[in-house]
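Common to both upcoming complexes is chain A, partnered first by chain B, then by chain C.
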Partner chain A sequence: MAEAQRTTRMWRNLNAKIAAIPMVLTTLVVFVGGTAWTVLYSFTDSKLLPRERWVGFDQYERLWSNSRWLTSIENLMIYGVLSLIFTIVIGFVLAVAMDQKIRFEDTFRTIMLYPFALSFIVTGLVWQWILNPEFGIQSIVRGLGWESFTFNPLDNPDLVLYGLLIAGLWQGTGFVMCLMLAGLRGIDEDIWKAARVDGIPTWKTYVLIILPMMRPVFITTLVLVAAGIIKLYDLVVAQTSGGPGTASQVPAMYVYDYMFQAQNLGQGFAASTMMLLSVLIVLIPWAYLEFGGRKHG
Partner chain B sequence: MKNLKLVTALAASVALPSAGFATELEVTHWWTSGGEAAAVAELAKAFDAGGDKWVDGAIAGGGSTARPIMISRITGGDPMGATQFNHGQQALELVEAGLMLDLTDVAEAEGWKEKVFPPSLLEACTVDGRIYCAPVNIHSPEWLWLSNKAYADAGIPVPTNWNEFVASAPQLEAAGKIPLALGNQAWQSNLAFGAITVAVAGLDIWKQVNVEKNMDVAAGPEMAAVFAAVGDARKLAAKSTVQDWNQATNLVLTGEAGGQIMGDWAQGEFQVAGKVAGTDYTCLPGLGLNAYLSTGCDAFYFPKNDDPEIEAAQKRLAALLVSPEVQVAFNLKKGSLPIRGDVDLAAANDCMKKGLEVLAGGNLLPTGDMTWSPDVVKQNEDLMVEFFKSDMAPEAAHAQWVENLKSGL
Partner chain C sequence: MADATLAAPTRAAAVPRGARPKRALSGRNIMIYGTLFVFSVYYLLPLWVMVMTSLKGMPEIRMGNIFAPPVEITFEPWVKAWAEACTGLNCDGLSRGFWNSVQILIPSVILSIVVASVNGYALTFWKFKGSDVFFTILIFGAFIPYQVMLYPIVILLREMGIYGTLWGLVLVHTIFGMPILTLLFRNYFSTIPEELFKAARVDGAGFWAIYAKILMPMSLPIFVVAIILQVTGIWNDFLFGVVYTKPDLYPMTVQLNNIVNSVQGVKEYNVNMAATLLTGLVPLVIYFISGKLFVRGIAAGAVKG
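Then we have the complex of A and B:
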């Protein structure tokens, strides 16, 4: 009896299962297979072409004593934390503002979302020009008569990260706003009515009632934004190419440079394995929260 | 079959352009600045005149951007007809993996061994006795380019060597000039370091470090002096915020900056702008201290193809690149030196003549590209760009530099 049940379950939705086979194979071979291969070869001294000469953890030791890699990690942490906080806070505030039944909401929403339609390369170049002292903000303000005004973050090692952050926020917050807005619209109107009957102020309703109810939206946003931060590459390449000096380097650039420019695959693989680890650190808790809880609940 | 191929090749070299022989060959390179593009056009013109078709595959962004693209195309099974590399170790593994066409028969037919000068250029193309690349020009990075206009504006004479240049910097700054123009890209910082090494430490020390790889010398007081000199250069370049080398050259060209340490390819920019060597700009090989030039070289490699027609066209191109006419036409435009001693460069300007003199005098050294692996070069580039853009102590940079070299032993 149980046997028969299992068989029928296996044959249920047969068409859908057959249709999924190519994707499953792609996932297994390209993603899982490629990942395993990369991790494996990070323990070799492969140069331009991969070869199986095992060197243990040598590549990792070199990686973690390299000042450029350490700078990259530090930059990523600063950029990541600030970017996470600001995109989510600004995104949420914008969404709440949109939710006040304002006029021309569609127009505003489109304007806010437009930067997201641009690639990071375009964003990076646009902001490189805006922040360039020769023809950007500095020259405009000086043109208005304030001659001593100096604003040149991209050439200052201490400020360059914030130059990147501005560009990243400009590009990303519109999208977060849309996610948040969808979450807000998903809240039952009755809850608002009940809160109003109880005489709770609007801001308190948002913070104490709506926010906790939007937990799934927040978690999804968090994961999307965090994954985007870890793979941060094209924005930096376009805007600063890692400079001045090594002040705005990020791990993905290290991986690329060492795999292809330095022709040292082993070192590049070790760095990309470390990046994979950090992605997993973000993804596993999310998967646990999203899927783990539901079984019991 | 072999004869037939030879006949085809010979016929193609003399026959009028005819559709029957026209083979398209995609050639990738990273020569995109004004002077460089003009030089490449000469190569294309000569190749097209032979009845084939040069399909230009220029990749912008310099060698460090272009090489990864080229390498992944070759290793990924989508080889181009021919590709530029700085020869030496950059393409070594590709040759060893059997991905490059063996040009030994072309080299023997054309007598490259007797004609290519200095011979080290062909040696760098040779792996296990077989020749795998066609050298096209000698480029040397150890040049200081000075703007006569900047010095005239500041009311001081143009320096004749690096020490005078450093000493004159305060006057230049007082006149509102940037003393030293330097692009922000990592390889440019490393190039400046290399040039200063040869100039300050001299050839013997350079050879002991880079050829004999003596790490005690590398850590010694002579190299410490070099790092101190690089620290001087860092102060002079503090106000230079451009990215690309030709933007930095442009600062010198317009008189906004006093000088730039850059390879002889900078000369192409001066030429395109119609400047005259000696009156508009001054060049000092070996920074005016030690007139040694390293004989780096651009060479073309020909990735293996299955199609025999393409292979024949590749060999035609290889022979063409080394031929005297093409050598003259190409190098006059590019501002670099030809790879054979038997060509007539009567049209060469002041700076090229200085280079030819150094070359004829045999004051040559191999480049870092030939003696160190790309891995070590990259680590040093990272170090130098960090050094130039931060307040890192010269001693700390020196210690790290020695570590980088050791990783390549």
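Then we have the complex of A and C:
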């Protein structure tokens, strides 16, 4: 009897289970399996091919004493913090401006969002050209008579990250503006009416009432943008190739080079595991706030 | 940013409460439109420069201003970028990358959308034990850096005998498109009343019949959103193209980067910009045609289910 019940339960929904095979394989084999495999093999001294010669934390020690990796991490932190701040501030300011019942809203939206449709490769190459010292902004300002004007971030190790930032913000801020605008539009009209009745100035309403109400939107944006920053790769490859020297190296580049160019898989695995760790540091508090709270509340 | 913080108080001071009509040229409006205008210049500048540069001859570029329109319009850089630009020893232009990208794009878009829509459907109406666990892992998978999974997938594809082929890349795009698309479809399907589904079941329709005859026709908008999302995403991919294909099969983005950033030869900036524009053309056309649906597509990832 119990046996028969179990078999019927297994056969129930059979088609749905067959249909879910790709998803089950993807999650178990690629996402869970692949991640676990990489983490495991980061403890080996794999070179050209993966091999099971365990070396403990050797790869990590080598990683954290490699100056190129340290530069990558530092770059990512600086770029990440600046990018997060500017993306969110610009996104919010533009969204507030767009929310003032302006004319040509659709035109402005189209203009702000089209870079988001373009790849990072295209973005990087265009800005490489605009920032080109011989022909771009620098030469034009000099041509206007200001002979000593210097604006050549891509050839200056101290400024190259800002060159990347200009391009990255160009590509991504329109998207964040759209998220924020959707958040602003989602706020109940009655809140505005109540604030107006109470005579609270508009800017105060935005700062004191609307901003706190948009917390979920900000958190979502933060997570999306942060996850994107950690993956930062194409833009750097196209715009600076990591140079000048190693001045604009990022972790994703380090991983790629060690895995597929330098034939030092173990280093690549260790570096990618560190990337995973940094994502988890961002993700776990968010998941806890988002889903953990709901369960109890 | 400073403009906007200034903008708000001016508005409060200038506009009296009540329903008096506002002047068109108030300080507040100048601030708002000024901010939007300045940013619009920032956003439009690269497109302008790309188009202008690609229509000039090299002598004019060397002499002139990258923002200035061409004195003499030439389409030669476009022809050259499409048919003659070199990557390494190959000099057959970007057209090869374009066709590679098309060949990668079409099966990837179809396969990923079919798989994800069926997933979303099963997760909404045919929940089985553990289905939500898989869904949660899938969504978390969207945040795992690709770098962690790059090499295991190389091994998988090699075992399957499709490493370095177009089909290998198609499979990779299907896998990495799955989290966001499944979420998209699940969210959409869960707005469909369950009574409809139950009625169909009472009438004897099975899993696939309900999907093909009821759900699909009802959900065309979300399929369009998914197509937009995938076409732009897959077309713009660089990392997977580099890792999972061979130079002959490189997608357009990879070939573009190789053409522009190659160290050999004289740099032909006009050809480079024509090539860049050509690569950006497909997603741009999709963007301008799709309009609001594009916004919906990209926002879909951010909307919680």
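Here is the rule we use: the second predicted complex is superposed on the first by the 276 of 297 C-alpha atoms of A that agree within 3 Å, B and C clash if a C-alpha of one lies under 4 Å from a C-alpha of the other, contacts with A are read in each partner's own complex, and residues count from 1 in each chain.
What we mean here is this: a residue touches a chain if its C-beta (ideal position, glycine included) is under 8 Å from a C-beta of that chain, and two chains touch if they have at least 3 such contacts.
Not measured: the values here are computed from a predicted model.
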Which superposed partner A:252 touches (first chain B, second chain C, both, neither): second
Partner chain in contact with A:241 - chain B first, chain C second, else both or neither: both
Partner chain in contact with A:140 - chain B first, chain C second, else both or neither: second
Superposed model, chain A: greater residue contact from chain B or chain C: C
Touching partner for A:70 - first (chain B), second (chain C), both, neither: neither
Contacts of A:155 with chain B and chain C, given as first, second, both or neither: first
First (chain B), second (chain C), both or neither touched by A:260: both
Common interface residues of chain A - those touching chain B in one complex and chain C in the other: 241, 256, 259-260
Complex interface listing, chain A residues touching chain B: 47-49, 62, 66-68, 155, 157, 241, 243-247, 256-264, 267
Parts of chain B lying in touch with chain A, wherever the complex brings them together: 64, 67-68, 71-72, 75, 90, 93-94, 97, 184-185, 241, 243, 373-375, 377-379, 382, 385-390, 400, 407
Residue ranges of chain C touching chain A (in the complex, touch as defined): 1, 3-5, 7-9, 11-12, 17, 28, 32-33, 35-36, 39-40, 42-47, 49-50, 53, 61-62, 65-67, 115, 118-119, 121-123, 126, 128, 131, 134-135, 137-138, 140-141, 143-153, 155-156, 174-175, 178, 182, 206-208, 232, 235-239, 242-243, 253, 256-257, 260-261, 269, 272-273, 276, 279-280, 283-284, 286-288, 291, 294-295, 298-299, 301-302, 304
Sites on chain A touched by chain C in the complex: 13, 15-17, 19-20, 22-24, 26-35, 37-39, 50, 89-90, 93-94, 96-98, 100, 102, 108-123, 125-130, 132, 135-136, 140, 143, 170, 174-175, 178-179, 182, 196, 199, 201-204, 206, 220-221, 223-224, 227, 230-231, 233-234, 237-238, 241, 251-252, 255-256, 259-260, 265, 268-269, 271-273, 275-276, 279, 283, 287
